[in-house]
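Let me begin by presenting the structure, written as structure tokens, before commenting on it.
Chain IDs A, B, C and D follow the sequence of writing; residue 1 opens each chain.
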Amino acid sequence: MRKRPTNVDTVSDAIANDKEQPWKELGLKQDEYQEIKTILGRRPTSSELAMYSVMWSEHCSYKSSKIYLRQFGEKVTPAMKKDLMVGMGENAGVVDIGEGLAVTFKVESHNHPSYIEPFQGAATGVGGIVRDILTMGARPIAVMDQLRFGAPSDPDTARVVHGVTSGISFYGNCLGLPNIGGETVFDKVYQGNPLVNALAVGVMKHEDLKLAKASNPGDLVILFGARTGGDGIGGVSVLASETFDSTGPTKRPAVQVGDPFAEKVLIECCLELFYAGVVAGIQDLGGAGISCATSELASNGGKGMKVQLQNVLLRDDSLTPEEILMSESQERMMAIVPTKDLKAFKAIVTKWEVEYSVLGEVIDEDRLYINWGEQEIVNVPPRTVAHDGPVYHRPVEYPKYQDALNANSSKTLLRASAPAELAKQILAIVTSPNQADKSWITAQYDRYVMGNTALSMPDDAGMIRVSEETGLGITLATDANGKYCQLDPYHGAQLALAEAYRNVAVTGAKPKAVTNCLNFGSPENPEVMWQFKEATAGLADACMELGVPVTGGNVSFYNQTGDVAIYPTPVVGVLGVIDNVARRIPSGWQDEGNNIYLLGTTKDELDGSAWAETIHGHLGGKPPVVDLASEKKLADLIHGAAIQGMIEAAHDISEGGLAIAIVEAALRFNVGARIWLDEVLERDNLDLTAALFSESQARVIVSVGREDDVKFQALCEARGVPVLRIGVTDKASGLIEIKDLASFELNEVRKGWASTLPELFG
Amino acid sequence: MKIGVITYPGTLDDRDAQRAIRLAGGTPVPLWHADSDIKKVDAVVLPGGFSYGDYLRCGAIAAQAPATQEVVRLAAQGLPVLGICNGFQILVESRLLPGGLIRNEHQHFICRDQRIRVENTSTAWTNLFEQDEEITIPLKNAEGGYIASAETLKMLEAENRVVFRYLDVNPNGSMNDIAGLTNERGNVVGLMPHPEHATEAGFGPDTDIATRSGVDGLKFFQSVLKALVNA
Amino acid sequence: MPKIIVEIMPKQDLLDPPGKAVANALKRSGHNDIVNVRIGKRIELHFDRPITQADLDSAGRVAASFLSNDVIEDVVAITKED
Amino acid sequence: MPKIIVEIMPKQDLLDPPGKAVANALKRSGHNDIVNVRIGKRIELHFDRPITQADLDSAGRVAASFLSNDVIEDVVAITKED
């Protein structure tokens, strides 16, 4: 047995003697360290230093992004707030979806850990976001994952791809949460900085809503779940080596290992605790562990706390108090429990074989006291740790490369006119890693568990039934296009929102709320800060225009290697509501002889497109024009038509343009079509390249039964949505026939489309 | 008819199994792993999931649970038992069914709509199928590769105890394409694919007619109700 | 810390997919002399006191009945380390 | 058959979920003296000829770089058996 350390730095030591402290190694700036001394009127103890340094880090304090994130709360109308039960700032936003039910959802990054140890990094990413949802009082009901990898040809990419997908698969599947969608993008800008974002969604009755606060003096502070171990605290080793004698552990591992089984049990246990009404406040332990949970619960409740740190159940007795405060061991929760409910609490955790320990109690004083045995090691105002961290106004600078990048338009690229050449380009794009079938990844995810999945991959959005009685359901889609954002972060972020909004709309659901995960380079680079400022402004403005509020999100900075940052990648998730999932619209054609319509108009917009990338290896110019008014009209139209049961299938047009949308709609159920483009070419004044590959926004292809033909066209006209019949479905032929251009055997196309990822990654 | 569904720590598809029983016309009864009282149910389903995280070997820890032990005892007396996926693994670890289930040949978890053939329609859980009927139900596992010694395989084939066989693709490297088995008496059936996920139109596998409209799994649960009525 | 180490391997004549995958990967990277790879488990049972013969006997029983499944695996070694 | 045996364990400070689950199961069945369980791998590399020192050296490199992941695991032993 390793021995419990006794030689600790106490508050009286700190009062008695000033000394050199490793604030720099812990990532604090000189003035931040000074600020801590001013707050306390003395130097911090090493435990206090551990707490402040981790809570004031970029990751926990949002110090560089705070001033920009405010606009998500400010650029809102009363109508947008109407159904928002909990907005920005809590663990996750909560939206009223009717029938007494509420939904909570959030997307979060686990980028850096997933590069170091892809399997555990991605796995614990899923675990962390699911606990955020659980903390709100909700039962988690689905997950999604948004992935960006380096170039498929790079030797390191396979390591990351295999690790990340199996980590997500392992953790999500073991939790019994259906994976209902996500994104997979390959680009060399993500080589040393893969992005692993995970989204979770949960549902609860209104009255089950829980908040992370400790407001009643006398209530008990209880830590439960997994034991606290030495994982994920590589950084505090500097403190450990200072305060601990030489026989102790020197370097703790920087990674954490996840145990989905423990989390599954924790979920069921927590839900039982919630329903029993024995929990007054609850907080999950993620980044910054106990430091975060104690200070946030106390600060949110406007109260204080007294904690005995030696009561924490450990996997390893040699952990120092600083390490215990900062450990990021997974699958732990902190509950605030009224004394009278302790017995009931105990009975429930015992049933689930979950360990717990009472750490202390809530006190009526604005102070967080933490003791190590008899010795006081922390004595701070909780707000100063949790909420009053530094706020930066970082310098912002328009990038030097930006004008040249925008001037380098795709207009100069060679366009094919020969049908055979265009047909070849279609196939090249369909089989490119970014447009190819993602089943190699998605087949590793359970989409059936819980029996409520109404739509999942490869449809445009995921859909889950939340009420078995009424069929009430929710839809979720996430999108981000880093290339568009590199060309123009303001509009790029809006395009991400527009696409996710459209993907939700094509399922027949009504878009309702937004979450986001903003993945950027270093905030210390003024050009990155400019991208961040633009992207957040663009997103907030667009949310206002579409009338969908941002309910929460996450920021991930420092995604860069040396001076080279990733493309700005603001992942935007849109939540929609559908009053009966039986009315859902799939993305693929299934019936014979249905009419295929193109909704919206096409412009010659090939800058930043899949065509420019795949055929010419080109990125430059300006992204497609954002047209939120048309997006809204389109969404309303589809919703209206869906209620009348007019639409058989709907698929949004995005990367790769109309050509790829047609191929995907055909491959879904192996139903071909005869397509003609002459009217599009003429109406929109396009050449074939633009008609096939332009990525103009606010466009969808839908298939409609012949009997509804007149009614549907009239509906489009009445709502001012441009509509053009471009084909009919053809079940028997097994072909996609594009008039005057080419005829594609579906089986052949599928072979190429489906084999890309397996050939790359085995 | 009361059909018990055991929940172990880490069980995931218990609610789905209960729903399937309800849709088939039975009464689901939730059972708890730690409780050896299985409430006089007429049949038991061991549902899918990752009992105890599937650490050590899938189903090994769950096989020791008091409720499992009771099921083992009653199965010998003819209690109909269906083990789905992790439930199948538990049956194998409890020695109610022979052989073992190991890591998939391709090393990945796989979730797909799987076509299988029903080759034995005399069991408690398959009596409503036609001989050699081909059905589609979801499959989702990482450790579904069926292995057994050559003698065991020979015996299983000779005694017609292979109840389900994979069609089109063998998704996990199972010997003889085995997807599911029965015991000598025909009351205990285990299979890797998930019939309970193909019992409600709208939430099952895709069919040629409509998205997610496959309900081929319903007959498993209707079969046992029929077997119980006739018993 | 005193421990008993139980080593378990998949049965010789049965499939071992992870072993096969590793063998193939090794072959691809030029290790042609390795003709086969098998992957089993090494389970450490820790004690906070010296280990007795009774502990070893009991570990043997647990290894045979629970830690391994004799339909598909063999216990190949049980050793102690102080 | 000559073989090299590589033994790999999860790093001491890291959580070992399988070990924890087995330890709990053993506790439930009355094995209270086992305070902890860790589960690692035993990998056998088979050769169809006698094993040389060069093989052992090469196995050491493969063990460190490919068979184990040094972020979360340690190679605890490399032995040969003829």
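Keep this in mind: a residue touches a chain if its C-beta (ideal position, glycine included) is under 8 Å from a C-beta of that chain, and two chains touch if they have at least 3 such contacts.
Quantities reported herein were computed from a predicted structural model and do not represent experimental measurements.
K.L.:
Applying the document's contact definition, name the chain pair with more C-beta pairs in contact, B-D or B-C.
P.N.:
Result of the comparison of B-D and B-C: B-C.
K.L.:
Take the average of all CA coordinates in subunit B, do the same for subunit D, and state the distance between these two points in whole angstrom.
P.N.:
About 34 Å, centre to centre.
K.L.:
How many angstrom lie between the CA centroids of subunit C and subunit D, rounded to a whole number?
P.N.:
The separation of the two C-alpha centroids amounts to 8 Å.
K.L.:
At what distance in angstrom does the C-alpha mean of subunit C lie from that of subunit B?
P.N.:
30
K.L.:
I'd like to verify one number: the distance from the centre of subunit A to the centre of subunit D, where each centre is the average of its C-alpha atoms, in whole angstrom.
P.N.:
From the centre of subunit A to the centre of subunit D is 37 Å.
K.L.:
What parts of subunit B, by residue number, touch at least two of the other chains?
P.N.:
52-53, 55-56, 64, in rising order.
K.L.:
If I count partner chains per residue in subunit D, which residues reach a count of at least 2?
P.N.:
Only 17, 20-22, 25, 29, 39 qualify.
K.L.:
Hey, what residues on subunit A touch two or more of the other chains?
P.N.:
259, 261-262, 353
K.L.:
So which chains actually touch one another? I want all the pairs, not just one.
P.N.:
Every touching chain pair, ordered by label, is A-B, A-D, B-C, B-D, C-D.
K.L.:
Mind listing the subunit D positions that touch subunit C in their complex?
P.N.:
1, 7-9, 19, 22, 25-26, 29, 31, 33-49, 55, 58, 62, 66-67
K.L.:
Applying the document's contact rule, which stretches of subunit D touch subunit B when the two form their complex?
P.N.:
Contacts found on subunit D: 17-18, 20-22, 25, 28-29, 39.
K.L.:
Mind listing the subunit B positions that touch subunit A in their complex?
P.N.:
It is residues 9-10, 12-13, 15-16, 19, 48-50, 52-55, 108-112, 138, 140, 142, 194, 196-197, 200, 202-203, 206, 208-212 of subunit B that touch subunit A.
K.L.:
Name, in rising order, each residue of subunit B that touches subunit C in their complex.
P.N.:
Within the complex, subunit B touches subunit C at residues 56-57, 60, 64, 92-93, 98-100, 102-107, 145, 147-149, 173, 175.
K.L.:
For the complex, give me every residue of subunit A touching subunit D.
P.N.:
Interface residues on subunit A, with respect to subunit D: 116-117, 120, 226, 229-231, 249, 252-253, 255-259, 261-262, 315-316, 329-330, 353.
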